Each structure stands twice: as structure tokens, then as C-alpha cells.
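Heads up, the thing below is written out as C-alpha cells.
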Amino acid sequence: MSSAILEVEDLSKRFGALMASDHVTLDLRPGEIHALIGPNGAGKSTLIKQIVGELHHDAGTIRFNGRRIDDLDAEARAKMGLARTFQVSSLAPEISALHNVLLAVQAVEGSVFRFFKPVIRDKKLVAAAMDNLMRVGLQDRAMVRTADLSHGERRQLEMAIALALKPKVFLLDEPMAGMGPDGSQQLTKFLARLRDEAPILLVEHDMDAVFALADRISVLVYGQIIATGSVDEIRNSKKVRSAYLGEELA
Amino acid sequence: EPVKVGMITTLSGGGAGLGIDVRDGFMLALKQSGNNDITVVIEDDQRKPDVAVQLADKMIQSDKVDVLTGIIWSNLAMAVVPAVTQQGKFYLSPNAGPSALAGKGCHPNYFNVSWQNDAMNEAAGKYVSEQGVGKVFLMAPNYPAGKDMMNGFKRFYKGEVVEEIYTKLGQTDYAAEIAQMRSSGADMIYYFLPGGMGISFMKQYAGSGVTVPVMGPSFSLSQDVLGAIGDAAIGAKNTSHWSKDIDNEANKKFVETFQAEYGRLPSIYASQGYDTALLLVSAAAKADVKDADAFRAALKEADFASTRGKFKFGPNNHPIQDVFVREVVKEGDVVTNKIIGVAATDHTDVYAAECKM
Amino acid sequence: MSKLLTLENVTAFYGASQALFGVNLEIGKGEVVALMGRNGMGKTTTIRTICRMLPHSSGRIFFAGQNLEKMPSHKAARLGLGLVPEGRRCFSGLTVHENLLAASRDGYWTFQQVSELFPRLSERRDQFANTLSGGEQQMLSIGRALMTNPKLLILDEATEGLAPVVRQEIWSAMFKLKDEGLSILVIDKSLRELTAIADHCAILEKGATCWSGITADLVPDITDRYLGV
Amino acid sequence: MTRETTVNIALAIALLAVPIGAQFADHPFIITLSTKVAIFAIAGVGLNIALGYGGLISFGHAAFFGLGGYAAGILASQALNYEPLVTWPFEIQGTTQMLIIWPVALCICGAAALVIGAMSLRTGGVYFIMITLAFAQMIYYFAISWPAYGGEDGLSIYVRSKFPGLNTLDPITFFAICFALLIAVLGFSVLLTHSRFGLALSAARQNPQRLTSVGVRPFQVQLTAFVISGMITGLAGALYADLNRFVSPAMFSWHTSGEIMIFVILGGVGRLFGPLAGAALFILLEHLLGGITEFWQFLLGMLLLLIVLFARGGLIGLLAGGRGNV
Amino acid sequence: MSTILLFEQILNGLQFGIMLFLMAAGLTLVFGVMGLINLAHGSLYMVGAFACAAVAAATGSFWLGVAASLAAAAAAGAVIEVAVIRRLYGRDHLDQVLATFALILVFSEGTRWIFGSFPLYLNVPASLSGAVILPGGVAYPTYRLAIIVVGIIVAAGLFALIGKTRIGVQIRAGEADREMIAALGIDIARLYTFVFALGAALAGLAGALVGTIQSVQVGMGEPVLILAFVVIVIGGIGSIKGALVGAILVGLTDTLGRFLLPSLFATMMSESDATSIGSALASMSIYILMALVLIFRPRGLFGATN
């Protein structure tokens, strides 16, 4: 019996000739930030997509709280408490930032099949949504149409939605991307605290953030985990340096 | 006494040619009659049944017409006629004669001045049998009028029907059917395909190298389509209650004045529109339209000089008339029809028996 | 002295809401300029006005000696603007090769050349762009801009989502391009690399240029005030 | 009150005032036309739920319009002929009561929309347009060639169905019924779009992936909307049958689907009163231009072109500006 | 039923399919590749047929008529694109539906205004009239064989243009992201005008060639429009190969359905019931085909997955 919340075992996924996941085994424990790094096209996003059920894996198992979830569809997994952010923001562009968060809040707080009461009059829902916008610093932009937000603001909104889902696990695909230097620093501080709410599987190319945050790091190259370990172990690994980090960062 | 006429006919889109012919024929006769008491409101039904019904409502309610006429298509007639007669107005059909309105659905205020769907085909069936044609191949679009026509033909035809096919309404390619005709061993193709369908079929048939003779009711080979089919139609036969070469005064005048007025040869539709107006004028001269019974009786007399020669109404207010056999010929540059015989005299439809009024 | 690109007091609107309130910017031939500012300050908007994807409402924009005011987007681009847009915007439904082909104009940069810069792209030559990994798309977007053989390369967060090694390669490629005399306007979040490569810097605050000067003058005091670092 | 609300209220009042005026001026046909506007507006409000709010471009709503019409037509004609509709397993009689006909039409259309929607929603975008068209065309050809209820000739029902306490044959009364139903479906539509479901539906249109990732199946949301949409359009069909006292397969034809869609687009996609504005203008133009020339459709086409080129967001967009419902 | 008849019907189906492809070719370009919903495709088809008929009647030369059909339709297409479509790129797709619907009305009634309400005469040129004897002894109209040849040439030409040339790539890129392709220096507006005119010209050519063996009349374009959409969607939007395969499938289904279904039902029920059920099903067959294809392959046979 392991203490991990999320366990991925021997997961494989093939796109034609390409092994995007090659017997990947990985777990996420309560309270930790587990960073997943690796070169572009290594299969990090593909792995997240399989965990949340957007893509179907060819082989292997995924367990959540000890229960196999491979057969569940994406909606069911989201309902169980898997929240992900997208590498390229994926939002409803024509509604406001607030409505985007409300969508998440209402999905968590019961059914969406209510036809009569206006959402915006539901004080509890709105308060919860505003709360989450506040946490990412978007409260002033709540009523702005999402398509009119700047790139960085949309990234923040992604985060707010993930928070609103009150998940048991966060799967964050490059949350720092698009944030300015100051934004990245703030987000780093924020994530450091967030791990107490739920553990985080963090895919990120911003090594400053990764080294500052990660309890453990796994390195994915050509679909295979080539190393898992602490920050120092990974930093000093020759293999990782040549495959990913380059000399400067090490 | 003034008579107000509402004409609902198809004036836009693909089927407009027919409506225009009916309208032009009707207006020509009216003009020639010199009767200025008859006024006409004309509206375009766009070939849509719901629009036709609404126009009928409009004409009755707002324009306060006494008589309606003009509809080309059976399905529109089915929609409009019951609504009109139910409100106590008269309807004179210048085209379309669905069986449902000739039999059980007949009405004293509904007069058909053209034909009943089956009639020309019954005559054709008789003629073809007399000619000793042993095997025919039948083809019509898959809708009630198409079935009426083929049933009419079969009713009087004594030989064998080797194949009977119903094509998609509006079909434009007949290669598959022509292949079936070729291999069927039929001695004659009998078909009903009005408008564009008939044009497509005849052109393709002529190009196919199949030489079995073809025949149909006049709509398949009426003047409005012959120009478009051209030489490919020559030799095809059709049955009709009217032809421009019927030898009588009324018809001569009609054909001449129509050509002079509109610069084209009249089609059967034009002749029907013309006759409809003549009937109306004759009745208006005898009775006040506000006196429905008198006017009805006057209509029933059919006291006018029809382009078809003799014309009278049967018990279901449908015509009793001669049906001719015509053949498509070329006169100079013009492809047109010529009478080659008579298929039936004083022909009436079979539905009259079912009509109780 | 004639500059390659000049923006004088440029303002611009999205519908009724104003996004630029007076942007000034100059880029000389062969120069690298960094455009900085926090999220939502108008960096991308500035670039959209340069590339004529958004009309400016007052001020003036000159590029290669031409006033861009009434110029449609494609004409401006043909004067030599090569854009790597924010968010990559690769043509989905086209393969990698087709993406590059669509943009290509005569000059040094060819498919061959781009493949040498990003070998990964030639490996993925016939894959649809929308199935590429994020980083691969970024490479494709840069390659596509180079295929137009521009006079001024505009990079809007072009290293976003790239692995550190690749990022280093891109920076070194930029140094190389700079050495070859290409002018570059760059937006990036990595101050370290920006200050290393840029000759000049301009900082935007609330849609207006609030500081500009040579890179050496960009003291911590200023970065702290305007960029929060 | 926003400008759009003002425009909406003005439209509703206009639609009410015109037939009342016509009643006094004794122009019953104007009342008929207004009734037609109200009925097509209901059909459009139905379609707008799928098309405007849900982004489900259905080119097959004629199927529901026709089914609603035939439900009314068949029930009424069976009742008039005193023939039971079904004799096995138990006998069902026809009826001319609107209060029975409407629920029947709603149920039939809902069931049809459930089946058609469930299959069509496997596809998306343009494919969805075409597969919905395919289903409607199947029903159309079936209706044309199936002789039982008149085939292409259609079915006359001679009288108008009854409503307790009202004389439905009186044009203004029938108009009032249609108008009341229009207001009811408009009201429902407002509530729907602002509700939780409305938010989910609009997200499903804009980004289904986003909806999935918060744990909601876009398919269920869209299918529900499609069913509601089909039911409302079907109700309009039942009323249309009563207006004409006649139903025909033309109700199923793609022209009908196209026409309802044109009303919605002309009025403004996703605008609450768009369908009403669109239907009113179109029917008005049809009526006015018809008298001018034989080639009136040419003028109609030109006018529509001008509107589409110069009125962004349809008529409501032209009158009220803005972007419409969020 | 003889095998020779079956063979002939299969040939008819193929021929009909290629004819459908020819009718759909212009739409493949405009709708499939450029992503524009052009309901006026059928009108351009009609313009081609009328231009051909009018010029052939005036000059006596069918071939001049065909040239005129290309020119007239291309010109009409260019005008439509510049005057109408171009203003709608930035808008909702549905505005294209409304605008091109309005164009149908304008073209139909405009044509009737100019040419009158009666169908025009247009017939097969003498050089292609008559039938050739195929192996197996089937006489087959020469003109239809000529249509097959033209259809295949058009398919190959389109395939090369879209799949293999830079212009083709740019058009598709423009469909994916118009703003971006312009920012890369491509005059997408001019390119689109050109492609739209080319699509229109193809529609016009089909109108002339197919109109020759059908009826040249106002409204002739409407069934073509729906059929062309069906063909493209079955094949998968954007795929020329798909459109060709889709067209042939539709052609075969329709022809063989018309031919076989009534006799199939005749084995199970009375002759007249069989005829009516069989013909009813036959007229639904292509829609059933489309629905089935889309249910099992939601993006058509050759549509891009994703």
C-alpha cells in the first residue's frame, strides 16, 4: 500500500512510429510538488492528457487514491478531483473572466442542469468565483471578455479555474509560460503555498521555478523517464544536463 | 355587376413559365372580352403550398374576391381549393386536376376547366391498346400526380406493363432508367415528366441510342419545354385535349392573337388560362356573382366557345372533352406539336361516380 | 540618421477601449531592441500595430523609410517584417513543411537552412502542426518567420515553452543573426538574455513608453520599478 | 435598461399593435400575416437555442417544424374522420384540442430531436450542418412518397383546432394564442441563457474542451439544448398547421430549414429577439415587394444583401449595437 | 436481371459520380479548402449553363459557349467575392449563409429577367453526339464518356493545385488563420478572389457540360447545391480525393438504389407496394449514406482527424 494519491504505472502511448509515452511510471504524494521536465516533444503534455483522460493510453494503469481510473472518461476524472491547466490557454473566449470561473464553480457545486435561476444572481457562486480570481490577482479584470485579456492574464485565469475546482490533485502544464518576470516570481510563491491544498504535478521549462519549488523531479526524454530524484540529484546528473538543461544552468 | 378575381399562380423560380402562360392566356381572353367589370388581383405563390393558402386567405379577406383561379400544381390545389370552397367562394382550375378533388372531395363551387389528372392518360392507354402495342414501360415521378397518371394509363391499357418505375421528384439524370428501358424489351415508353425533368429525360434519351418510341400526356411535351428539347423530341407522341392546330374559330383567334401579343407560341397552359377566362366571362354575363346559386348554374352551362371546340362539364364539374393524339414535328425552325388522331371522344374521368353533390 | 523602424507617439484602440497611449520606439539597422513591460501593458499590441494587424489611431509608424499608416498587413510584411507572434499561431491542418512553404520568400533562409537551425522540424516534416508539442510549434513559428527573409525579426515571447537547451540555442541563433546584421525586436521574459543581446531597451507601462535607453542604463532601480524584479 | 431591451420591448409592442390595429381597420389578412410572423418567430427562437447559444448549426429544423405540423394535422384529421389513430395495442383517438395536440407535438419532436441529436452530435461544425440536413431530407422524401397522409399533396384539416373558452377561428384570437406562446418561449429562452445550463451551453459552443476539464460532458449539454430547441420549433409547426388548416411535406423541405435559419441570422444570431425581428422583416418584405414587380425576389435579394453587409449582428445588432447575449 | 445490365448500371453510377464531382469541384475549392459557405454555388452553375446556351445559340458553336460559361462564371465569382464575401471574412460564418442566400435570389430572378421564364435550348455538339459501343456490347453515349474525362482532368488539376503548389498551401493557411498569413506578406485578399473566381469558373463549366444533357432553366442550380455539399461532406472537407470518392459513392448508391431497391422489395411484397417503398427509399438513399458515413466517421471518409 503506497501513500501516493496518483500513481501511473507502465503507461505507454504510441503515435504511429513515435513512442510518446514509453512505460512511464510515476507517482504523486500528498503535499508534494513533483516536477516533470524534459525536452520539447518528450511527451510531458501527452502524459498529462492521458492522466486526465483526454487521450487514451495504449497500455499501463493509472490509479487515483488507489482506484483505477483508466476506464473513466475525462469528465468523470475531473469530477473526482483532477484539475489541469492547459499549456496553451483553453478558455471560453466570448464570456467574461468571471463567467469562466463560474463555470468551474457551478460544476463543482452541484449540477449544471438548472434552467431557470440566473447564475449571476447566485451570490454563493459569484463569491466563490471572485475569491479565486482574487487569489491569482485578476479581480480587477473579472468582467472583461476573456478574448480581450492579454496573454499573461489568460494564463492567470487558467490558474483561477483550476483553483475553483477545489481539486485533490493539480496537473499544471507550464503555468509560468507567458508570465512576465515578476509574474513568474509571484506564481512561484503562490505554488509553494498551494501544495498544502493539494499536491502538484508540475510541467515547466522555467528552471528557476522548478528548482525553487520541486520536492522531486522526474525527467522525461523520448517518452521515457530517465531519472527521478531531488533537485540536487537532477541538477548534477550528466545525463539530464546534456539532454535538457544545457551547461549553463547546471 | 363587378366580379373580382384572385389569381394565385407561380411567377417566380423554376416553374414560373407555366404560371406565366396561364396568366397571359387568362388576361388575353379577358382583354378580348371587353368586359371591364371583371378585375383581377394576381399574386405569386412561389410554388409553396403554405404561401398559396395564405394568399387565398388574403384575397378572400382583404381583397374580397369572388372567384379564385390560377394554381398550377396539384399539391397547391389540394391546399387551396378546400379552403376556398369552404368559404363559399368559387374556384376555377386552369391546370391541375388531382383525383382527390374529382371524386369524394368534389365541391359544387369547384370547376375544373383543364383536365383531371387521369383523363389524358386513360385516353392514351386506350389509343396505345388500339395501336396494338403489346408491352409498355411506365415512368413517372414518385408523387400523387405521377401515380394518378400512370393509374389512368393502366386503367384502359390492355397490353402488358413490363416495368413501372417511379423516380425521384426533381431528378435530373435518367441514365439508369434508360438502361432499364433498353433491356426491358418494351415496344413503347410511356412517361409523365413535367418541366425540367421531361427536358432532361428526352435529351438523354435521344443521346442514348435507344429507339423505342416514346409517348406521354401533353405536359411532358408541351410547347414550353419543346423549345428546350429541340430536335430530340421529334417523333414523340402525346395526348392532349388541346393543340394549336385544332380547327375552330376560337382556337385560330387565340393562337394568332396570343402570338401577336406575347411573341411566342401558346402552350396548353396558355389555352387553359384562356378558356378559364372565357368561362368566367360567359357566366358573369348571365348571373350576378353575389347570387351564388345562379352564378354556379351559369358556370355549369359552360356556354363559351372553347379553344378545344366542344366543352362541357360532367357531374363532378370536370370537363367532358375530346382527347387528341399529337406528334412532335418541326415546322420550319420551330419544334411543335401536330394532331395525328383522336384518342377518345367525349372523354370523362372515372372519379365522377364517387362524387356526391 | 534613418532608422529602420520608428514609432512616434502611437496610440491604438480595441473597439472603444484604448490599449496604447503613446508608444515611442526606434530601431536602427542591425540593432537589437528589447521591448519590456509587465503582463497586459501593451507589448503585443504595439507589435500588432507595427504589423498592421491593428490600425493605430494617432502617431506615426515608419518602417524602411515608408509610412505604414495606410498600408495593409501583407504590404508591410513584404517591406521586411518577420513576425513570430505570441501564441505561435502555426497553421493547423498544414504540415510542418507546408507551414514553412506558405511563408517562404527568396533569400538566405530556405527549408534547408531552417532545418539546420531546428533539426526537430525536419524530423517532423510531414506531421500536422496542431499535433506538434508546444516547443516544436514554437520552433516552427520562428522558422516560418525566417522563411520570409525579413529585415526586422519580431519575436513576441518566442522562447516561451522551450526547453532550456533549445532556448540557449535560440539565443545563440539570435546572436548569430545579429552578427549577420539582422535587426531584431524582441519581447521575452528572461531579463538575463535580453540584457545580454539588446542594444537598446524600451519599457511599457499602461500602454505608453515609460523608459527607453541603451541597455547599460537599465539599472536595477528601473527594472524594479517597472518590471517588478 | 439596456438599449437592446428597449428595442426588444418596442418589437413586442409593435407585433401586438399591428394586428390590433388591423382588427379595427378590418384587415384580417394583416392579422394572418402577424400570426405567421409570431409562429415563425417561435420556430426561430427554438432554432436560436441550438444555433445561437449552442453553436449547433442545424440545417434540419424543418424536421421538427414538419413533425409538429403533421402531429397536429394527423390528430385533427383523424378526429374529423372519426377514425382512431392507433387501434393496437390500445385505441387512441384523434383530437382537435390544442391543449392535447401541443403536448403530443412537443413529445414527438422531443423524441425525434433526441434521436437525431444523439447521432448528429458525434460530428461537429460543418459536418453537423450536413448530417442534420440529411435527417430532415430523409423525412422529407419519406413524406412525399408515403401515400397514407396525402404524400406530396399534403393533408387538409379544414378546421382549426380548439382551445377551451376561445373561438380559434377568429383570426385575432388565434393570433393572441400564438403571441402568448411566443412571449412564453421568449421568457423561457431568457431564463435559459442566464441559467447555469445556459452558461454551460455557451461554454460548450466556445470551447468544449474547457467544459470537459471542469467535469461536464459537452455532449449531454448540447443534446439537451438540441432537444429543447427541436421541441419549440415543433410547437411552431403545430401552430402553423392550424394557421393554414393544412400541412404538406414542404414543411420538411430544406427550404423551410433554410428559411428559419435566415430569420435567425437576419435578426441576429444569439439575440433574444433576433428571430422575431428577422421573421417580421422577411415576411413584411415578401408581402410588400410581391406587388411591385414580377421580379420581386430580385429586390428582396438585394435588400437582404445590403442588410447583411451593413448590419453587423443582424437587425438587432443594427438597432441596439453590442455583442448580444453572454 | 442480366449481368450486362448490372454492369451498365455500375458504369452509370460511376459516370453519375464523376458528373457529381464535376458539379461539386468548384465547391470543393471554395467550401472545402477556403472554408467559405457559399450557397450561391448553384447559381454560378446556372450562370455557366445560361452563358453557354446563349452563346451557343448566338454563334452556333458549342465550344464558344463553353468558353463563355467559364468566363461568365469566373467574372460573376470575382464580383461576388470583391463586393460581398470579402466584407464578411471577419464575421460570423453564418453571415455568409445569409449573404449567399440573398445572392441566390438575385441570380435566379436576374437570370429570369434577362432570359425569360422558359428553359433554354442547349444540346450536345454534333462531334460528341451518338453512342460508342463498349466491350460487352453496351452502347454508351459518347458525351457522357467525355464528361468522365473532363471530370478526371479537373480532379487531377485540383489535386495538384491544392496539394502540391504553394498557392494551395497558402489558401489553406489562409483558412486556418487569415490575419497571420497576411502578416507573413501574402496578399490573401487577392488570392482569395482568384480562388473564388476559379471555383466559380469550375461551377460554370459544370453548368455548361452537365446542363447540356439536362434542363437549362432557372432553379437548375438548387439540387446541385445540396448534392455538392453532400458529396464534399461524405468525402471529408478539404480533401480532393475525398470529394472524388464521395461523389462516386453517391453516384453508385443513387443509381444502384434506384435500380435495385424496387426489385429487392418485390421479392418480399406485392409489386406496387414494392415500387412505392423501393422508390421512397431510393430517393432517401444518399442521405442515409451520408448519415451513416458521418455517424461512423464524423469527419467524412478522408477528412483530417482532430
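We call the chains A, B, C, D and E, going by the order they appear; numbering starts again at 1 in every chain.
Just so it is clear, a contact is a pair of C-beta atoms (placed from the backbone, for glycine too) under 8 Å apart; a residue touches a chain by one contact, two chains touch by 3 or more.
These figures come from a predicted structure and were not determined experimentally.
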Leftover contact groups, counting everything except chain C:
one piece
Trace the shortest chain of touching neighbours from chain B to chain E and give its length in steps.
1
Using the contact definition stated above, find the chains touching both chain A and chain C.
none
Tally the contacting C-beta pairs at the C-E interface and at the A-D interface, and name the larger one.
A-D
Compared with chain D, which chain's mean CA position is the farthest off?
C
Go ahead and note the Å separation of the Cα centroids belonging to chain B and chain C.
74
What is the distance in Å between the mean C-alpha positions of chain B and chain D?
36
Roughly how many whole angstrom separate the Cα centroids of chain A and chain E?
48
In whole angstrom, the CA-centroid distance of chain C from chain D equals 50
What are the residue numbers in chain D that touch two or more other chains?
141, 144-145, 147, 295-297
Taking each residue of chain E in turn, which ones touch at least two of the other chains?
108-109, 112, 276, 279-280, 283
Numbers and ranges of chain C residues touching at least 2 other chains
131
Go through the chains and record each pair that touches.
A-C, A-D, B-D, B-E, C-E, D-E
What does chain B use to touch chain E in their complex?
12-17, 20, 142, 164-170, 172-173, 175-177, 179-180, 182-183, 195-197, 199-200, 203-204, 207-209, 224-225, 227-232, 264
Touching residues of chain D toward chain A in the complex: what are they?
191-192, 194-200, 202-203, 206-207, 209-217, 221, 224, 323, 326
Touching residues (chain side chain A, partner chain D) in the complex:
52, 54, 73-76, 78-79, 83-84, 86, 90-96, 99-100, 102-104, 106-108, 111-120, 145, 161, 165
Seen from chain E, its contact residues with chain B in the complex are 2, 4-5, 8-9, 12-13, 15-16, 19, 108-109, 112, 117-124, 129-131, 139, 141, 143-144, 212-220, 222-223, 255, 258-259, 262, 271, 275-276, 279-280, 282-283
Note which residues of chain D are touching chain B in the complex, please.
27-30, 32-33, 36, 141, 144-145, 147, 150-154, 156, 158, 171, 240, 243-246, 248, 250-251, 255, 290, 294-297
